[in-house]
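Chain naming follows the written order as A, B and C, and within any one chain the residues start at number 1.
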């Protein structure tokens, strides 16, 4: 069973002055357990619409989807999910601890386990010292970390995160990436949206690119990166000192052979590739191969 | 909810809607009947002291005062209607008077209150002194209004027999209205004779200016009664003049041809001549009131 | 549902609006001294003032807390995080409403206890002609609370469709005014003065009378102040009316809220 199964999902709004807005067009996608899936797209592409539909916040116009085999829009489906909304807002009169307890109880966690998990995630996300302060006094980054904490507290099977890195400092970003990798190792499914390509590059197994409500491409990140290698940057060392040399991909073997003959030492060999960013831009701007 | 899982939500919704609407329909008519039959004096409710109202009504004193006045008018209107349907209840005049006093404290310019007090409370409650105090209070504010001295003058003359005060009030009314009629009326108070004519003239003026249908009807009934009493008075006077002795009874006047028939008292009473020769009625010019239960203080 | 109920109560107790409104309750201990303004019915006046003040506080609470509760959830995007939990929208809505209703009852009871102390102090100093009927005072406060709970149900129903602050708050105030006036208007339309109105208008008024909420039945102030006996059947009818009307409002609210999209 796949963690997320989306089949032909579409969403049409009636916009201003009765215009039809196709927010989502016939989207089909499957994400397996133990997989990190990056959902990449420019602003307004339909990432949040997809995610909100999965959580039952929006009703699809047509198509269907399941989370851990349960139809979306039911409480049973949401039971398997930890969801982080985009720019989340939580009851600001509560403190982080109270909110986490509220979330845990809503998932029906037993009190003993809940207390223990609550302390763990608060410490993990560096909210322990602030846990008794009402959330209205929190910074944006802290609220974002509460958002991550409330996703983790009940240890669900599926994690749906809408822009999880936004509002975080570099340390926070690194922490979130670390957490995602851990989740993958524990066989969980992570589905997150972003418009920042490097986030995807560093943690994702697969990436889906969406523009204007249409899913354009779903690829393994490794494959994109391999395909994208265009040449190598060599750092060489000989009697005159060290120097650098760029070698196109197809000339690598011959160049390395020649250098060996000349007695030049290769101290560093780095692949130079078209980044995921370029791949993304190609698709978005429509210059795809 | 377990039901939600087994049944589609629209079905659950429409079934519950059906049940609820049925319950509501079964309930609303007895409920409305209960409210309609709730004793009226309960509906007039209680109003905090005028001093307190003055504090809390802030800059909306006129509005609050108007609210009180309308409450009394609606209450009285309902009561008048119920009187027609033979459903008789003791009107809570005390509460009405309290409300009107509170209203003029808040807004001493509101003519409705004085008019209403004069139309109803004077005749039915006979609290003439209180009514006059109210009118004099109003005169301090409504300095341009001839109605207030006109009312007060009538009360002094007709009810209290204080003719100097009646005359001075009529003079003031004449001054304000530039209408010589009032001056003539003032003159009539020099003797006791023209009482009924005066009352009829007064009521005529009131009826003409009445806009509220309940009040208008009340005044018309009173006017009719007074006119009938007046016709007996005239007949009795003619009888006394012709025979030299006062008539014994109203029936006697009819038998002797001084009256075409025994006039019917619109209040349901019976006209009679008292030993002094004055025309009276058993109804005492008021609707018979069945006391259903003692009115609360 | 119980979790939402708990969160709702916590939210109200920590709300600054609540703290502000609470200040009005400080006036309650002043009632005995103000009541001495009355010449003939000091105790009656103290009951009047206490009941009116409680009613006023409950009105403010239900409009500004009840009317804004659900709207705030939507406006501040709390719904994204809460409705994505495994709580059905029906349960969320019921939890919210029950929290508000419990709060109003609690507030009415607390204020009522203070009022009873205040009234008994006055009654001790100025014994009334007729003894205070405490049962009626209690009933008047409870029915007042029921009235405002009904108002909150209307506020919740309005919040489910609104996108702004105006509909829930002003709609609630309008409901209050309409509910308080409907009986009087009905009596007026039925009276001879009302016969002058056009038949269409009269029919509309009559139809509306049976559909719009009617708050006049919940007003037991006279019974409390003057010890007028309560009608058992009338009280029962009022309670049933309350239950059915609230259930209808909540059903409408549930249907609307379940169909609403959280964009």
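General observations
Operating definition for what follows: a residue touches a chain if its C-beta (ideal position, glycine included) is under 8 Å from a C-beta of that chain, and two chains touch if they have at least 3 such contacts.
By chain, UniProt protein names: A = ABC transporter ATP-binding protein; C = Membrane protein.
Treat the numbers as computed from the prediction; the structure is a model and nothing was measured.
The central chain of the assembly on a C-alpha centroid basis is C. The chain with its Cα centroid farthest from the Cα centroid of chain C is A. Separating the centre of chain A from that of chain C, both taken as means of CA atoms, is a distance of 48 Å. Taking each chain's centre as the mean of its C-alpha atoms, chain B lies 35 Å from chain C. Work out the mean CA point of chain A and of chain B, and you get 81 Å between them. Residues of chain B found to touch two or more other chains are absent.
For chain A, the set of residues touching two or more other chains is empty. For chain C, the set of residues touching two or more other chains reads 88. Across the complex, chain A is touched by residues 3, 6-7, 10-11, 14-15, 76-81, 83-88, 259, 261-263 of chain C.
Residues 52, 55-59, 75-76, 78-79, 81, 83, 85, 87-94, 98, 102-103, 105-108, 134, 147, 150 of chain A are the ones that touch chain C when the two sit in their complex. Listing the residues of chain B that touch chain C in their complex gives 1, 4, 9, 13, 16-17, 20-21, 23-24, 27-28, 30-32, 34-36, 38, 41-43, 45-46, 48-49, 51-52, 71, 74, 77-78, 80-81, 84, 212-214, 217, 296-297. Taken in their complex, chain C has these residues touching chain B: 34, 37-38, 41, 44-45, 48-49, 52, 88, 90-91, 129-130, 183-184, 186-188, 190-193, 196, 209-210, 214, 216-217, 219, 221-223, 225-228, 231, 233-234, 237-238, 240-241, 244-245, 247-248, 251, 254-255, 258.
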